[in-house]
Amino acid sequence: MSLASVTSITATLLVIGIFVMLALNFDYIATNIESQVEMKAFLVDGLGQDVIESMKKNVESLDGVKTVTFESKTQALEKFKEKFNNNSYLLEGLDDRNPLPDSLIVTMISPNNAKEISESISKMSDVENVVYGKEVLDKLLKITYALRVGCLLLIAVLLIISTFIIANTIKLTVFARRREISIMKFVGATDWFVRWPFIIEGVVIGIIGSIITVLALSSVYMYFVKTLSGSMLGIMSFTIMPFSEIVIDTTFFVTCIGIFIGFLGSVISVRKFLKV
Amino acid sequence: MTHFFCRIIKDFRSLCRNIILKGCDFLIRLNDVNKVFTDGHKVLNNINLHIQKGEFVFLVGSSGAGKSTLIKLMLKETEATTGKIVIDNEDITKMRRRYIPHLRRNIGVVFQDFKLLQEKTVYENVAFAMEVIEASPREVRRQVPIILSMVGLSKKYDLYPQQLSGGEQQRVSLARAMVNSPKILIADEPTGNLDPDTSREIMKLLVEINQRGTTILMATHAKDIVDNMKKRVVAIEGGRIVRDEMRGAYCRET
Amino acid sequence: MTHFFCRIIKDFRSLCRNIILKGCDFLIRLNDVNKVFTDGHKVLNNINLHIQKGEFVFLVGSSGAGKSTLIKLMLKETEATTGKIVIDNEDITKMRRRYIPHLRRNIGVVFQDFKLLQEKTVYENVAFAMEVIEASPREVRRQVPIILSMVGLSKKYDLYPQQLSGGEQQRVSLARAMVNSPKILIADEPTGNLDPDTSREIMKLLVEINQRGTTILMATHAKDIVDNMKKRVVAIEGGRIVRDEMRGAYCRET
Amino acid sequence: MSLASVTSITATLLVIGIFVMLALNFDYIATNIESQVEMKAFLVDGLGQDVIESMKKNVESLDGVKTVTFESKTQALEKFKEKFNNNSYLLEGLDDRNPLPDSLIVTMISPNNAKEISESISKMSDVENVVYGKEVLDKLLKITYALRVGCLLLIAVLLIISTFIIANTIKLTVFARRREISIMKFVGATDWFVRWPFIIEGVVIGIIGSIITVLALSSVYMYFVKTLSGSMLGIMSFTIMPFSEIVIDTTFFVTCIGIFIGFLGSVISVRKFLKV
């Protein structure tokens, strides 16, 4: 019968594990995308090298700023040309009267700070304008927030469901052995004497289930990482979480849940049949 | 006037009884015990039974008389509806749940339906009863084979209950009941599945144990055995004790 | 020379036996049946047993002799290692799995451990055996109460096995075995948990059924009953048939 | 004991149901996004109204084309201005020498046909150039394909896992009643006599589980649709699947699985204990 419990607990842990991995990856990717959000501070024309350097220092010293890079007019035009190479007729004659300004490109630790940073930078002298796609960023933040909450909710729901399933499995195992339990009690066994073996069994089953789950999940993940890094990664603007990082989190999470469920399931299930 | 007189006599009698009872070393004491099942069926009716240390008592009565129920009450397998049950100076009707194992360890029981663990071998079934009281493994290894050979099952020690005949299962149950040398040994129909020869062996065994000081209460339908042994006989009929004789027979002597 | 002579006699005897056996209307026929359990224990040794229609046969023998095993073979609960078992002109050793229910419906059995359904009431336990053979609900409602009153359990019809005394459970098992008026009724220790009075009632019942044509095979340890009935007695000892007398007693008459 | 089975089957169906809903939605959104992909056919300057009309008809008659709209030079410039209102300095002086051509905007039934359609249109006379963001579209198709396959795989894995869990639960229920089954067989019951009640029970449990699951999932989904339509939908460029559509698919799917699992679980589990 332990076989049934092991497969049940493994199956459940697998579902949770898959979800945890998806959630971790999702969070990883979201953070990644968020960190790619840039802010552009357009500068007035014709500033000296030293002024720009000191401005860069000033911006860098602001709270929440990660990196600051200078982009000259010419560089900006190059980029622009690259971007619009399809509609090249637009750029005719731009070379001689380049309308693009010098700028500082600012990346932030978290896009949540964008507003304050942009305000601080705007107030500096020689800054003409600060641009960071307010609406786009707001949308992105809202979406990632919603998806993060959704992920957490889903995992919580899955946890509850799994606990149900496991508790039922263990309850049925114990039910099948109710006669055994009652006989033990008739012979004078204390509650704990009867309970211990079940609890140990539950925890062991939990551990076995966790090990199987972790092995299965991590080998599948490893395979994914390998195949994806070859084909898909180039296409998308993000990478999935590296194996070494996710495996620790998942192992920790899955093992904890496995042991916890095994333990709790046994304790709860045995209780009912001890009343003899 | 007569009424008043009667009452005085009654009071006096109960007073005497109480004094006598207090003085004696009663191991089992049932006072005014009633048992009514939830369906309203009154199975035990005002039972008063006192058994001294070292006694050998037969409990007889027709099928459904209430013998097993009486035994179940002593084990707290079921609760008395009213009345007081004192075993080894402890009032078990008021006993807390977690002291029940302690009570049961003092009483070895041969159950009418054997109650053997199907997943354990004969040896393990008996050893298990010792493990429960935390006997040392050495002691278990020493004691169990002795007991098994006493009931004639030395050769069957590693079979499972499913692989035993009815009588063999009954003897395993007896071995388990005896293995801890309990103060009280209760046997519910311990020879129901045994042939006369084996029955006689088992009875010899019980007498021996009894002589070593164990109090024995045995519910049985075996007329021959009861008649031969000339021990105390308590007869129950319809939930009442109808007879209690010190050297009795299965049927009322006429 | 002697050897050769012996063989001729042996052959001739077995020839005669075969002719005789073929002629008679044997309902149960066991030829050279052996049963060896997987652990190498030889429980039945060359059993030859022939029971005619309408016979009443006691199966006696000490505990562990092999009586229940013999019964289990007839029900195909376990397989014979070698030998031939013919019941109602069907060789059950070669019987296919899906005909087993058919076999069992022709045989009513009182099991030594009762085998009652714990989740069904007394009434349902008996009715169930009728439903299995697809009796009409009307017939079930008519027949079950009659049978229950025959075994003295009319009042207990809606209790569960857990709520019955050992003897009462045994009688439910008997009621279930009888309810379909099977050709063969096999009873394994049907009075083991019954007091002498109730036993007598049950035996009366069995005799009555037997007189109505049912073949009865009863394994028992009840010396009184066997001695009183003066029926055919088959004694097994150590897996061999050691005695087969037409008007026998529990012990060998000395 | 049926309670245990019902909760187990419900729990499992819930997990599958959640996934089916996610997958359906994902597919819906992906299709939606894909269908938003447009193709632009730039026309030579100065075509007459009738020529344009006949070209429109021609394009419409192509396989896989959904809609065709005409966009004039002027409209195109308006759009362009709107798009780049941040960098308005770029547009100075564009009004008088509008470099943008007339164009036909083509939407497709499926972006998989993009290549052929673009080729067909290119071959027409008066078409200067066909633009449809080949690389972007390829990327999009690859990503949605990968995600679709992933979804299906995940559901398949979940199905297998669930069947395991349910089979175990039922096996344990039957195991707890093994004595009952063996007694029935001893009394002469046929295999089917014993099996029927279990199968009916299994199917009924499956149906009950499905009903609970569908009710739970659809009420949650309805709630989601309501709250999302208020706040989130405006932000994203897609809508989630409408309630009426998803509820039918999910009900069908979940009920089938529930009944199937209940039936199969019973048959398999009972078999072992019939051999008496």
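We just call them A, B, C and D in the order they show up, numbering each chain from 1.
Operating definition for what follows: a contact is a pair of C-beta atoms (placed from the backbone, for glycine too) under 8 Å apart; a residue touches a chain by one contact, two chains touch by 3 or more.
Fair warning: this is a prediction, and the values are worked out from it, not measured in the lab.
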Open item on the list: What's the distance between the Cα centroids of chain A and chain C, rounded to whole Å?
Closed with: 71
- [ ] Could you put a whole-Å number on the gap between the CA centroids of chain C and chain D?
- [x] 66
Open item on the list: Report the inter-centroid distance (CA atoms only) between chain A and chain D in whole Å.
Closed with: 24
- [ ] Any chance you could list the residues of chain D touching two or more other chains?
- [x] none
- [ ] Assign the assembly's chain-to-chain touch graph to one of these shapes: line, ring, star, complete, other.
- [x] ring
Task: Set of all touching chain pairs, with the criterion as stated earlier - done: A-B, A-D, B-C, C-D
Task: Sites on chain B touched by chain A in the complex - done: 75, 77, 98, 100-105, 109, 111, 115-119, 128-129, 132-133, 176
Open item on the list: Considering only the defined contacts, which chain D positions touch chain A in the complex?
Closed with: 1, 4-5, 7-8, 11-12, 14-15, 18, 86, 89-90, 92, 99, 131, 139, 142-143, 146, 154, 157-158, 161-162, 164-165, 168-169, 171-173, 175-176, 178, 232, 235-236
Task: Residues on chain B engaged by chain C in the complex (per definition of touch) - done: 37, 39, 60-65, 67-69, 112-113, 159, 163-168, 171, 188-189, 192-199, 221, 223-224, 250
Open item on the list: Using the touch definition from the top, list the residues of chain A that touch chain B in their complex.
Closed with: 179-180, 183-191, 193, 276
